[in-house]
Structure formats: structure tokens, C-alpha cells
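In what follows, structures are represented as C-alpha cells.
Presented sequentially are two complexes of chain A, the first with chain B as partner and the second with chain C.
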Partner chain A sequence: MQFTMRRRLVATSIAVALGATTLAACSSDSDGKDAADSGPVSLTYWAWAPGMDKVAAIWNKGPGKEAGIQVTVKKQASGDELVTKIITAAKAKKAPDLVQAEYQAIPTLVSNDVLADITDEVKGTKDKFAPGIWQQVTLGTDSAYALPQDSGPLMFYYREDLFKKYELTVPTTWDEFAETARKLKKEDSSKALTTFSANDSGQFAGLAQQAGAKWWTTEGQKWKVSIDDAATKKVADFWGGLVEEGAIDNQPMYTPAWNKALNTGKQIAWVSAVWAPGVLTTGAPDTAGKWAMAPLPQWSKGENATGSWGGSSTGITNDSQHKEAAAKFATWLNTDEEALAAMVKEGGIYPAATAAQTGGALSKAPDFFSNQPDFYTKAAEIAKTTAPSAWGPNVNVAYTTFKDAFGKAAKAKSKAQFESALTAMQDDTVTDMKKQGFEVAE
Partner chain B sequence: MSGTTMNTGKAAHGSGRAPRARSRTRATGGSVRRAPYAFLFPAVVLFLLFFVLPIGYAVYLSLRKVEVKGLGLGSGARSEVWTGLSNYTAALSDSELVNGALRVLGYGAIVVPVMLGSALLFALMLDTERVRLTSFTRLAIFLPYAIPGVIAALLWGFLYLPSVSPFYFLLDKAGLPQPDLLDGGPLFIALSNIAIWGGTGFNMIVIYTSLRSIPVEVYEAAKLDGCSPLQIALRIKIPMVAPSLVLTFFFSIIATLQVFAEPTTLRPLTNSVSTTWSPLMKVYQDAFGNNDIYSAAAQAVIIAVATLVLSFGFLRVANARSKQEEAR
Partner chain C sequence: MSSLAAQNSAREAAPAAGAAPGTTQGPPPRRRVAFVPTLVLLLGAVYCLLPVAWVVMAATKSGKELFSTLTLLPGTGFADNLADLTAYRDGIYWQWMGNSALYAGLGALLSTAVSAVSGYALAVYRFRGRETVFNILLAGVLMPPVILAIPQYLLLAKADLTDSYASVLLPLVLSPYGVYLGRIYATAAVPADVVEAGRMDGAGEWRIFARIGLPMMVPGLVTIFLFQFVAIWNNFLLPYIMLSDDEKFPMTLGLFTLLAQGNSQPALYTLVITGSLLAIVPLIALFLVIQRFWSLDLLSGAVKS
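Entry: the complex of A and B
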């Protein structure tokens, strides 16, 4: 009898404990909502740009206080992982109000019902951005799904001192680029102009974008995938050819070995985006003041286009109970002078808003490029020439295949394999879309 | 407790008892019969919540897929539908998953024998009589096990990269050839090396512990019979620690099939490791890279079943053999 009683006691206390936790969970939840309704609106913002919490603090103290909107930043890992995380959160109806989304992820997020159509909320901001940038947040439609935050126009970075030493001229076309690579190899076979890296798909996508590729387009209710179009083929052939003849290196970027190659002048140039100074500062610290930036080489003389590598936007989710308040914050963040200056200073980002690309926080060249005082004036000119890009709902699949197939091709140093890698990218992307049930035009 | 149990036993058999006594025993008997379940209850709840339920959910997901209408933009364009076994057939006919499995088998063929062989060797050496600094050596060999796999892979990754590795620097100075360890066949050795470096110590401790539990009289008897230390090791020690060898082998197979951290950490350093190098990497890539949790779930179930079959198959064979030997 005593035993039964004890058991009952245990059972009851477990039940009480379990009940208490459920109750606690409920009450904390409803507390949050109550506070939001009566007091100031509180928003959560998932972002990975460094220092975003400090930018939000400026809002919370100033304009946010006046408007009664408080924003809490929750720091995220960047890139692909955030996409899956926010899709999962949205399925559970627990997505944050605002999210930092890379441009190429926007179609995936819209397609997964994560991002809300905020066309009306952000009316009148369109003119603040370059058309090529704005088009990425509209997916080519009349709606807007996010506000552009930062962009990454591609440029050509090179070691000014070593170019002089080997009597190389800064290439203005890709043909000249190839000649430069060959000439350097002839002068000193231990050096390479640059490397073809298969571990960041964004760079290749940007180069294809410059060449005029449009990977995803729509035809009525059908998607058209043309990753293996003529423009992209040209880019793949070009880099595959250089790797095959040994004019450039084939090892991946962002490795300790790559850092060392840049730091010791074993690689003397890098096709990169406007954020490159940050990477070079940490990766090749001994070379400060020795680099210079020039526009990206062109496919034919007289052309003037670039692609972009990276860049992100601020989106508002369908789960948000306060879309209008969220849009107010997003607009402030991406168009207000003070906010943009803070983002440049705290996060080291290159703002998408055209007006903020020169002057203010960007009037001075990055410390690493102190030898090139007009760095940002030049960058702003290049940014204006960004070619439009066309993203689809499964960029992640294409990017994954890029890493694997082009990694294999680079390892084999075979131009033919570069071509088949591109075909693999196209095939995998189409197969995945069909599997998901998208209508794909052949 | 035991008193009541005996009571129940009597009550069950002795049917000609007084009704009063009978009812009393019945009451306590019932509660006692329920007692084991009460004790089991918390464990069963936890087992159901954190084991059966997630597995069940994974199986459920593996039978589903997403279906998109039209361009898939706008709300409600995506829905989850039943798809039967199509995720399974797709996974099994996916050459990348099969190739990944083959790569892991090749990797396991290096890791398991070398790791267990050296673990056994170290354990036997530490167990010999005249060895000094036993506890220090034991700790030194065990220490790599305490280093997380990702950190270990990062450390080794640096050592494998020719331009930053001190080893390559020495090879260069000595004018010796410098093999590329992150490419082709040597890549398997490079990856296995990380696992062996990290796992030998743990397995050595398991084997060593069971060596220490062998009664000393056995050795004395063997010595009196004229056994050399080598013969003692081969004829007495190894057969007597066979059960722990089976155990370590069992663990090693499972760990090998689940290899993930090392190749994932080395992947950004080289073109040779793809995002789907091992089956688990493919699961991860599908779930978190390609946002296709349904295929990932199906592959995860397949890997789990294969692991179960392989590891328990091995245990069965090992048990059957030891029973045979006992019978002899």
C-alpha cells in the first residue's frame, strides 16, 4: 500500500512538473504578444552581417523610439544554412519578422512562402537603387519581396608592385587577361596570376552574369533554365582553358594555402567583389598598400559590364504580425543616411543604395588600399554597370553541383570536363525542379 | 518487495485459501505486477519521445515530397504530398550515394584494421611486465581521443597543405619527394590517419582494461610451462581479450559508416572531396544545402538500416563463432 502511494506521489509530481513547464511555455509566449500589442512593437531580425545589432541599437534609440518599434537582431550563420533554417522556422510559423536574404535566395524563399510581398509597404524606394539591383528583389515582376541591402560588384584586384616588376599591363579584356597570365608564367613559373576556385559558386555566377547569362527565366507559367547557355559556356571554356594549359592555378580559395599564396605574392591577382579589401586585410596582411583595383576585364573592347558576387537584401516574412512596422525599419535601414553609414562602419558592407556608395562613410579608401584614394569613387562607377541577373527557385542545387562538378574538373585540369561540369549543373537543376513539380520549359 | 513476490507466488498456486487472505494478496499482487512497468515508465517515455518518435517522423518524411504548382511563387504554391517509396528508389539508384558508400568502405578498410591493430599492439606493450612510464604513455596515446574530430581535422588539414605544412618544409629542405596528400589515393590515407590518430587511444584503453582483468595465475601457470612473453601474448592474452576486440570492432564499424566531420572539414581545402563524399555528407547536403529533407530522410533511413545490418550481422557471426569454440 505504501508503495502504491509513493508511486502515485511520483506520478503526480511528474505530472505537476510537466504541467508547470507547459504552463510556463504558454505564459511566456502570450506575455511576448501582449507586450507587443500594448507597448511598442517588438520585431526580431535574423541577420549575419557583423555589427547589425549596433545598427539596430541606433534605430531603437532614435527613430524606432519615436515610432514605437523596437528591433532585436539575432545573429545567424551566413548563406545557404540560413535559407534552410528560415524555411523550417516558417513551416513551424515561428519565422522572425525580418530576415537578411542573399539575392539568389529570394526566389527560393518566395517559393517556400517565407517572404511576404511588400510592394505597397516599400513604395517609393525603387529609385534609390540601381535597376540591376532592384530587379533582383522583384524577381522581374511588378512586386517587391525585399529591400536591397548591400551589393558586391565584381572587380579586378592586382598587385601593383609585382605587375610593374614583371612588366604586365592591367588587362581590360579577358583575352588580355589570358595573355597576362601566360606572360607571368613565362617570366616566373612558380607564380600564377590567379586561381580558378570551385568552392564559391557566387564568383562563377557573377562572371556568367557579366557575360550576359540569364540562368533562370520564366515563360508564362513555366520556368526556363539556361545555365549551359552560350554566355556561360564561354566563361567555363575560358577558365577551363587557362587551367588546362597551366596558365593559372586550380586550387580553391579561402584556404590557409591560398592566404599564403596571396600574402607571399605567389598569386598576384584576384577577381573579386567590392568587399575584397576585408578578405585581403586578414588573409594577406603583409601586402597592405601594394594592391590596386581596376574594372573587371570585358569580353570585347569597349563593353562596360560587371557581375555581382554576394550581396543581400532585407526581407519581411509572412509570419510577421507587424509587416508595416517591419517595412518602416527595413526602409530606414537601407535608405537612411545614418543607418547606411553605420552599416558601412560596423559591418563593412557596401550599401546597395546608390546615394550611399560615395561620400559619407565611403569617402575614404579602405586602409588596405590607402594607395588608391579614389577606391570608392571608382567602385561606385563600376557598381552602376552591374548586369541584371536572373535567379530561380533552386539556386542552392545549382551551386552544390557547381562545387562538386567544377571541383572535379579543376582537379583534372581539363577544359572538356569544365564543359561537362556545366552540363551537369544544368541537368541537376532541371531534374530537381521537375522532381519538385515545377513546370520547366525545354 | 521479495516478501510480497513470494506471497503472489503462493496465491497463484494455492487456490484453497480463506477468502479474506485471498483478497488481500490479490490487492498487493496487482500492484506488484504493475511495479516493473512503473519503474520502466520514465525510461519508456524518454525512449518514445526522443527515439521512436523522431525515427517515426523521419520515416514519415521519407514517404513524402513537396509538390509545386506552376512557377511556385506566391502563397500556397507548395504542398506536401505522399509519394510512396519513390524517395527510396531514387536514393538507391543514385550513383552518388553508392559511390559514397564505396568510398567509405575503402576508408573503413584502412581505418578499422590499422586502428584496432595498433590499439591491440599498444595495449599488449603497456601490459608487459618491464614497461616504464605506463600511466604517462597510456595518457599520451589516449589524449588525441579527447580532441574533437573537427579540431583534429583542422589541425591535420594544415599539416596536409604543402605550402603551410612544416612537414613539407622539412621534406623540401631534405630534397625528398612531396606527395599531394589531399588528392586521389593518398586522400584516403590522409583521412584515415585523422581517424586512426583520434581513435586508437580509446580502443587501446578498452583492450587494456580487459587485459588487466585477466588473473595473474594464468600467466604464472603459462610461465611455469615455459611460455615466452610473446607466446603469452599470442596464446593467452589475445584469445582472452577477444570479446573486447569484438566490441571495439563493432564500435569502429559504426563510427566508420558515420564518417562526416573529417571529410567535411577537409572539403574546403581541396578539389578532391565533394560535398557528397560520404553518405552522411550527402544526407546533410540534401537536407541543409538543397533543402530537400524528404530525400535526406529516405537516405538516412537506408543508412541506418545498412549500419544495423552490418554491425549486428558482424556481432552474430562473432557470437556464433565463440559459441562454437565453447562447444569444442
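Entry: the complex of A and C
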């Protein structure tokens, strides 16, 4: 009988051991963390732009070596998932020192206590950026939570050859834009000027920004959400109207069909950002040298504003033990001539710093736009006119509703549905903010 | 290549066959081709094969051809795509492939070992709390691993183990489903009489397990190994949460970073498609190699019944 007892014991311990394998992981001691400040400071930087490791290598060999600050880039995938990942890491106190963050993610990261207030550390860099860009990293306050890295000012891209063929003029106002769309439909009903697509919310946000919309603002301690304000309504009505009357297409962007439409000249214009040449190069390879870029149409003659689509910043986390060193690197990265030139060359980004928007790798037009040699000079002019934008702590929710509701509205070709979609966006955003515990002013 | 893919998909389509007999009614006609089941099987095969065919064809297209030529026509860029993929950031793709092999191979091996030991223990020994332990494990089977990823991350962060190979391997070692299968299989394959006979002859418990129980369980363990291997190979969320250093990324994560480089960068479609195609090759090879072990099932059986 003794044997049975022993057998039981063995069996029980085996079964118990199962549970222990997972527990063992957390009982091991966590010593040796963060060696004291002896020797060079080493920082980690989560970024998704390609070639960032090469830019960091320049720092590590040059200015970083002198200052005793070494930076390791850990390449990430961009998107909303990364925001979740950073927040999770910060909860575990494991966030990297520096993160690349899209402008619209900054409020989310600040309200989750991830990004540090670096106002003092980055003093004196403000005037290196367009005011509309700088405003995005301050959230409209006097503090700074990140440094602008790249930007995506909106522009109007069109097929120069086909515009000539159909005797169209480049629209300077949105009214002219609508007229151009109608005229093209009359000339050739199989073509469309462009499409309204609901699958990238950033474009619509940029257009609303140009019209003067401020989606999230603060009033004292309360948030104010005005996604359905007059300016945004104007934008939604405009595009809804064009879709309803059939003047433009209603198919989504970034699909194989869309690529084909651009490549074969079925769609002859695109409201896009400064990075469009890259997308066109892969999506519409047969049309190289046939496109041209112009400023975005305006709401009334004489105005001069644009919105932005995309763009990101460099933030420093509260978990960082070396905020000052991190700020030194971030400042170098986003204001130093050599660093910016390297980022443009290696990462293909459009720098936020005004001084770097011409010259260097940007002194020559992109290959796809070889017919427009002053591409980047013109782009820099436009970038200066970027209207400020106002992001809130749950941009992702607003964007998700945008994709659903506007996607349906575009499919239904109904202007009325464009309006109700905007209301849905406002309501969902407010409801979610309340659920998250933010105080929202009505 | 495509014939390999065909075999793989045919296997996936196999469950459809189970539904087929119900559709033929009345007395089974002899020597007549069963049209309905054949049709269902063919449809299933086409359904499974079409996406594979798309990947195979798309992988042969250059970036220029990808969206402009007919979908199922082969392109001319396969060699270039392969070269580009290998050249991308000094061949980091192969590093990802190696990482995936390590995570899936070692992880599946460890988890199979744990499943074998614990499944055997739960099946052969009677001890207090056995059913409780088993029921807790069953609850674990019902729990999708996805919702455990973040708690596991927070736990491992306390042990300073995040962003390491161990952080991906450790949570995978205990697979409730594997233990469950292990017990079911041990109950069926290891007769109590054989264990008792071993004891009579004076063998220790460990020896009985290692020399008698384990060989009888091999076909079941192969199944567990394959399940785990495929699950880990395709795993995304756990490594996504755990790892930040892209030299430790498995394939799934690496390909994802190629797609999402910010909206100023066009997604590297051709590289991702070629990469995905290469990523399924080891899985198919593994299935073909390991398949033979399943037939051992028929040879096992040490007692008359």
C-alpha cells in the first residue's frame, strides 16, 4: 500500500506541475534592471518608418557617441494596433524610451499616461515647424508631448494629359472641382474625375480640417466633440452630393480595381497627400510622367489652406529613465539637417521640419513626376498652409464609425445618408468617451 | 509545388466528405458513381484551392504586373521577388523563418512532452482531485488563447522576460487542448492490464511510462505535435504583444510589418505574397513527412479484447 501512496503523490505532483510551468515564469527574480547611469545611456526607439535603424546608426556614430547616448531602433508595424501595444507595454512599465506616434494617436497616448510632457526638453524647436503641425503635438495647450517627424499635406493630383484631352482646367475651388467632375462625365460617361472612398478616414479628416473643422476641443476639464459641426457638414454634403448625382465614382480606394482605374485612366484625379507619388508608382505604373500636382481646391476664392493626411511624431514615454537624453535624440532626429536628409533618403518620409522640405533628397522631383521638376518646391509652399487639427482620445472610434457609416452611404449613393453618417460618427464618439470616463460637454 | 498544395488542401477538404453520405438516400446503389458526394468534394477542393492558386500565381508577378494582369495568369517576376525578399534588410526574412521554426518546433516539442506526461498521469492514475484538474483543463480548452495574451504579457513583464525567445515559448508549453488529447489518447491506447503487468514484473512507474506507455501513445502524440506546430506557426497575437525586437519576430509578425509601414509608404505587396507562399512550404513538408507515423495506430494493441 505504501507504493500506491507514493504513486499517488507522483501523479498529483505531475498534474500540479502543469500549472506551475506558467507560474514559474513570474516568480523568477527581476534583478539587474537598469544599470546605474554609468557608461553610455542606451535608449530604445519603436518606429515603423523604413530605414530608421540606419538613421539611428548615424546618430550612434556621430553626435550620439559624443553625448554618450546610444539608440536602438526596434521596427514595428504601424497602425492602431501599435497604440494598443504601447499602452499595454506602459501598463507593465516596459514601454520603450521613444515611440513613433501618429498625430491622431497622441491624445490617446497622453490620456493613458504613456507620453511624457517634454515642454522643457524641446524648448526652442517650435519655430522649425509649420504652426498647424506644431499644434498637433501640443494638443492646443502650452505643453509639448512629442516632436513632429513627418507630415502629409493634402494636394490635388490629376492626369495632365487627360485634362488637356477633355479640355478641363485645374480646379482652384471646390465649386470648380464639382463643375470639372460634371464636365468630364458629360464628355465621357465611362470616366470619373475621382472617387469618394470611405476606407481611409485620414483623407476625410484632412478635408474637414481644411474646411476649418475642430473635432475635439477642451473646455476647462471637459472635452467637447464637434464632429458634426458646420465645416464638416459642408464637406460631407459636398462629397455626398457629387456621389448622389453620379459625378464621381463611389468605389473604395486601395483595391486592385482602384489601382486599375488609375492605371488605365478611368479615374483621372486623386485628392491625396504629398506621399502620393509612392502609391501611384506601385498602383498605376503605366502612367509615369503623366500626372501633375496642384494645390488643393479651396472653399472660397483667395483662401489658402490645406489639411493633412497621415504624418507622425516622435514621443518620449513616462517609462523612460533618461528623458533628457531621449529628448536630445528626438530633437536631433527631427531638426538636424543630416538626420532629416537621412530620413528622407532611407525612410522616404516627407519631413515636418520646414527647412528640410526642399533641398537634399527633395531637391529633385520624384521619378514618377519627372515632368514637374518643381514638385517639392510647390509641396513646401502648400505644407506651410496646413490648417491646425484637433484630435481627441478616441480617434479610432470615430474612424471606425466613419468607415462603416460612410461606406454604406457611398454604396447607397445617398446624400441624406452622408449626413446621418456624420451624426452617427458624432454620437458614437461621444458615447464611447463617456463610457471611458471622460467628461464631455454637451 | 501546386501538387503539394493540392494534397494539403484536399486534406482540409476532407471533413466535407463526412456530410456527403447523408445526401444520398435510399438503399446504396452498387457500382454507380456517387455524383453528389463527388461534387461536394470537388466544390470543397476548389474552395480551398482557389486562394492557394491565387497566392502561387501572384507570387510570380512583378510589382508592375500584380494589379494590371489577369489574376490567375502567371507573371514573370518570381525570381526577382525571391531575390528582393532575400535582399530585404539583409535577409531578415530568413531570420523570421528560422525564428518561426524555433518557436514552432521547440514549442510543439515541449508542449507535446508536457501533454504526454500529464495526459498519461490523468488517464492511468486515480488520485484525489483528478477530475477537478481535468475539468479545469477542459475550461482552458474553451478559453481562446487570444484573451490570455495580455495577462500573460503582464505576468512575464513582472519576471522581466518580455521581448525574449522565452516569452513566446513559455506560454505555449502548457496546451490544455494537448493535455486533453493526451488523456483521451492514453485512456484508449494504454490498457490498464498492460500497466498492471509491468508492475507485476517489477518495473517502476517511470519505466512503465517511458518503455510501455509512451510507445503506445506515439500516434496520438504525433497528432498533438502537429496541432501545436501549426498553431504556433500561425500564431500572431502572442508574439505581437510579447516581442518588440524584430530580429526575434516570427514570420507572421515580420510579414505584417512589411504591410504596415505608415501611409506614406506603399505596402510591399509582392514581398509579402512571396513571403506567405514560402511560409506554407515547411508546413506542407512537415505534414508529408510526419503523415506516416499515423499509420502506426493500426499496429498498436497489446491485449486481446
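We take it that the second predicted complex is superposed on the first by the 405 of 442 C-alpha atoms of A that agree within 3 Å, B and C clash if a C-alpha of one lies under 4 Å from a C-alpha of the other, contacts with A are read in each partner's own complex, and residues count from 1 in each chain.
Following the convention adopted for this analysis, a contact is a pair of C-beta atoms (placed from the backbone, for glycine too) under 8 Å apart; a residue touches a chain by one contact, two chains touch by 3 or more.
This one's a predicted model, so the numbers in the text were calculated from it and none came from an experiment.
In the superposed pair of complexes, A:152 makes contact with chain C only, with no contact to chain B. In the superposed model, A:278 makes contact with chain C only, not with chain B. Of the two partner chains, chain C is the only one that A:309 touches; chain B does not reach it. In the superposition on chain A, contact is made by A:76 with chain C only, not with chain B.
In the superposition on chain A, no contact is made by A:267 with either chain B or chain C. When the two complexes are overlaid on their common chain A, residue A:256 makes contact with chain B and with chain C alike.
Of the two partner chains placed by the overlay, only chain B lies in contact with A:411; chain C stays clear of it. Judged by the touch definition given at the top, the superposed model places A:94 against chain C, while chain B stays out of reach. On chain A, the surface patch touched by chain B in one complex and by chain C in the other comprises residues 7, 14, 81, 256, 260.
Chain B meets chain A in the complex at residues 28, 31, 35, 38, 42, 65-78, 157-158, 161-164, 183, 268-272, 274-276, 285, 287-292.
Of all the residues in chain C, the ones that touch chain A in their complex are 63-64, 67-68, 114, 117-118, 121-122, 124-125, 127-130, 133, 137, 150, 152-163, 166, 170-171, 173-174, 179, 205, 240-241, 244-246, 253, 256-257, 259-266, 269.
Across the complex, chain C is touched by residues 7-8, 10-12, 14-19, 21-22, 25-28, 30, 33, 44, 46, 48-50, 74-79, 81, 85, 88-89, 91-94, 96, 102, 150, 152, 200, 202, 256, 259-260, 263, 273-275, 278-279, 281-283, 285-286, 309-312, 348-350 of chain A. Interface residues of chain A facing chain B in the complex, by the touch rule stated above, are 1, 3-4, 7, 14, 80-81, 83-84, 87, 107-108, 110-113, 117, 139, 141, 198-199, 218, 221-223, 250-252, 254-257, 260-261, 266, 318, 393-394, 396-397, 399-400, 403-404, 407-408, 410-411, 432, 435-439.
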